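Next, two complexes with subunit A in common: one pairs it with subunit B, the other with subunit C.
Here is the complex of A and B:
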């Protein structure tokens, strides 16, 4: 009889941990997942021990990571690159802020649900209009819609213009959590744990989604649209659905962001550079993985925050990291740690033969020399022309 | 005026005298004066934090605020500190992280924080300051609604710089003073396309319409840092309004005035601006002389009060030029004044309590606190809004200074340009 409950099962002679239907992890994966979960739960204590790190910053990282996980559904499986995902993040954030500031809605759950609903509607509209195109034109359309929303919010005093809106409803000056009015410290920690719970559930849902026939169909669409159409996949409808799902994640993240920051301004949530950030988080963490975008979100936000203390040119940090990523670790943080990833294979070849370090150094030096000669050559051609 | 009288005038202590810029009045016994005989005062220096724009286009204002704060801190330390405690100032880039910067400061154990400059950031920050309870004196962030709607009943959040309504009502009064009410029939506006620009335009026109029978003929809102303002300039050349109002600041002033001069706009209208003078370090002689613009300089202009009567303003100019090679603007005073207000109020609280005061006691002594700076006399009102004289003048070129100056200054005292306590700004203007 098949085991229908969570627990240990045996598959092809390997012991696996069954989490839910269709989700069975190897012992190693289980251990990693537990460590990850433990890490997320310990973050408030880590933040307390390290004065350079603030919980609200880590929290922001987790929230942006959640948005990146959503965007990743589109990027990884349908191969569509959206440059306007901040639109949904911003929709979520502004829905929460508007309800809190103008209609005095205080309940956390209500604000969250309303934000998800509005982000869904927004994604249905934007998705319907931009998914007629693929590739560059799709990216540009999403960018355009994002900027349209940004301009609208920036220009309207109803949305608080560039000053934004506070999220401080009720006499408690912050949302109630399931009817409880909490003091600031308790609120901060509780909202964080709620975020973690939401993130865990969202990851499970996402896992289930991409490992379903629907996920397989998305993969097929990503590989070849025309063939997917030929084998009977309703491409338009499926891509639209994927777009909406990814936007719901964005809207949810936006609502949580508003709840953490307690003030929403158009620049940080709607500007197109924010869309770039979310995309970059997915790539940084490893967009071929499920957890990568989440890790990327935490790392990037933390990097930007700590960078501000180190140098005035902290924006350049993002550029440097991007360079390192493209040249050294194209699979991202989590991708490089995976089996067959850059870090793992390097570690195993080091274990086999430590002398390989010498080869690494020489190959690095060689590639530097090659690059240098090439650029000298290029300059020569530019200045003197081809002879 | 002898030393004793002067000390009395500026608040009674060496510290207050130093911050007012009367350092020559401080004798050798200043240290003893400063410690005030307080018994229960910690030995370690006061940790203070300032957030401001240290890079990017807004650094035109941000660095001025930083230099101002640094000058105030160094003057405090030279005068022996507050009750013997020196100040150490940590500066952080404002970016979009107003709240994070503040909470970081608090968790690092800062006893006071200054900034931010951005009004959107200040609106986000003020409620957080109330929640955390560590006094913040904002340098700018001048949006009118802050203490009218966002935080209507503040305890720990203060703002030194005059707010938008004062700035714009002063501008309206200045317009009428210079041109005469009967000569102001049409007005146009070029204002930056964000909340500050829209607010300033709204308040200015509301006030001007009460003072004259003016008609609005054009309003344009170029984006911040727009590199082309010619459509607005062309429109103004077509309409030829009596007055063109602009709340552009920093680099946008330079862009606007250069393009306006190139298109002969100044032949067709009188430019009036609230913070044109913030571009003092970047304007060229030719443009300034063509424009003959009327400009405000917020609550500080180094030539006013008249140096013959009150030399500290002139001294501040010299200090700023020697140390940083800049002409200090109103934003220099934002940084200087924010620090000065907190320091003088804290010293007052030390003297009253006989020990080091709590945040609450410092906040209470800041409420209604009066103090001197090189710009003259300031009051931190009961509503936590700084009130001080606003300066307006005709911008002209001084070859002696090598920069624009303000000629023929008019000053506007707070009761003339700000609503009485308990009245919202636009209601007050409506009631004229």
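Here is the complex of A and C:
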């Protein structure tokens, strides 16, 4: 029994905090995790202090972050880039909305579980059909299946066509939480904290998953499928399983989204731009990390919301941020802040020798010159063809 | 109208739709087949083509007399087609710049960065269009009605817009031209050689850098051309890029990844079948192409045709 309790243990001369079986953090990681937890719990108060930020927006960011965490299982470990994850997000959202609007199911937990179930079934079908391929073909197939779902929902009056469905069941006009009918303010905050709890549990589960033999097998598959097959890993079955798990995260996020927004429309939950958003959240936050996608979700949603107030051209703003990400911080926010990441190493080299700034400037100027000569060459190619 | 003329009209609509789809998908499939890049901004290049065309065509059409007699009608068609080519030419440097400045540095990285990059371009081009032409949709009906004033289809007793026939004719010429380019010209063969085996192509003295720039520029050219041809019957709006992009994905998947011949067959198949389906059952309009894709993939998981390397006319 003693071993199952959280506590300090010593491993390889390093003191670690034991949270549960198979999950031991260094002191530094523990501190960071606690700060992160505190941040998530304090978000409603932060939103109250800053008038420009609304809790519902932050909440949305956390929800999308959860979907991105799920997608990241595929992208990071099996190296499969799904471009249709909105299908599962939308399945979750629409399951909740349908049950609430058509069958008057009011219980929060019931709606959530049903959404996860439906997302699982959907992922089993789509995964079976699209996992026959890898690489870009897989991306295209998932995207096409996502759009098929979008087209079907958009075209049916049963799903409310393009107007969508309201999530306002029961006399209280909102889901009950464990049998409690709450007023709007209390509902908003309680759903937020439930979301945080779900996110924390999901992250713990994900941590266990990727540090298990199954996670190691997925890594092996991502590095070399053929070799993984050779050493006896049932590649197709494992990849399929990973696909379903990642979809369950998406379905969960979709259900939470529906319960927060209290209205579901096909555009925001099923359209392929949403799939793109979820993928880019993972990369923005740092897809080689566990928490990165969550951070990316909050940041991207905030950015889009604030950009909308700031300028008419907020799409381009997001685009520029993504461009800067690709060229400047390919490891993402969390990845760059990590040990050995771009920001940390730049800061330390600056600390060692401040003159390094000169080298940065000259390398930037150099790349500008290269680009200029390149464009002259391009004109030559376009005019005279390829030799 | 009898059932037969109805059938012919809807089939013609399907063929016309298929050629527009092919024009869009051809650029995408060439880029995908040779550079291995899924260009998510392709739909926005198409939209940019339509917007540029609204300015270019609006200007050049004003230079010629309104079409009344056969001579001026022929002149009008020629001017419109010239304007479309001019529009597409505007897109060429855009494509070349995107490839050489933005894409080239990240070829050796994980493919997710290519997706992020092209998605960022999608957002930026969309707002650039909004900046240049404003948020309201742009129309150019005079070109459509001007060409439709030529009574071509009524010669055989059909009531069918002449502009659509022009699209079919132009599409057919483009198909023949593309196959000729890739099979018979030196540059085309070099491009195919690069697609099949990059290292070997480099070894025999082909500059892959230049080939890639050229290929992306050609892809942008066809996106712009498709946009220019698709503009007159409808209007250009900020949302017009997304649908053709996804539909050309469907076409590429059905045809087989990177196969130009596959893209052609698939575009016509999707065009005609989805028009028939919409004719018989209007709500099927959105879902029909995806349903066709799902059925074909169940029968042939690799699409109709093989990869680029196996292409033979």
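Definition applied: the second predicted complex is superposed on the first by the 374 of 387 C-alpha atoms of A that agree within 3 Å, B and C clash if a C-alpha of one lies under 4 Å from a C-alpha of the other, contacts with A are read in each partner's own complex, and residues count from 1 in each chain.
Operating definition for what follows: a residue touches a chain if its C-beta (ideal position, glycine included) is under 8 Å from a C-beta of that chain, and two chains touch if they have at least 3 such contacts.
Just so it is clear, the model here is predicted, and its values are computed rather than measured.
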| item | value |
| --- | --- |
| Which superposed partner A:272 touches (first subunit B, second subunit C, both, neither) | second |
| Dominant toucher of subunit A (residue count), subunit B or subunit C | C |
| Which superposed partner A:312 touches (first subunit B, second subunit C, both, neither) | both |
| First (subunit B), second (subunit C), both or neither touched by A:374 | second |
| First, second, both or neither for A:163, with subunit B first and subunit C second | first |
| First, second, both or neither for A:154, with subunit B first and subunit C second | both |
| First (subunit B), second (subunit C), both or neither touched by A:338 | neither |
| Those residues of subunit A which subunit B touches in one complex and subunit C touches in the other | 154-155, 312-313 |
| Contact set on subunit A toward subunit C in their complex | 75, 79, 81, 83, 129, 132-133, 135-137, 139-141, 143-145, 147-148, 151-152, 154-155, 271-273, 276, 279-280, 283, 287, 312-313, 315-316, 318-323, 325-327, 330, 371, 374-375, 377-378, 381-382, 385-387 |
| Interfacial residue positions of subunit A with respect to subunit B in the complex | 51, 54, 56-57, 154-155, 157, 160-164, 166, 168, 173, 184, 261-263, 265, 267-268, 305, 308-309, 312-314 |
| Complex interface listing, subunit B residues touching subunit A | 54-55, 92-93, 95-97, 99-100, 103-104, 107-108, 119-120, 123-124, 127-128, 130-132, 143, 150, 193-196, 198 |
| In the complex with subunit A, residue positions of subunit C that touch it | 32, 36, 38, 40, 92-93, 96-97, 100-102, 105-106, 109-113, 115-117, 119-124, 126-128, 130-131, 135, 186-187, 190-191, 206-207, 210-211, 213-214, 217, 242, 246, 249-250, 252-253, 257, 283-287, 290-291, 293-294, 297-298, 301 |
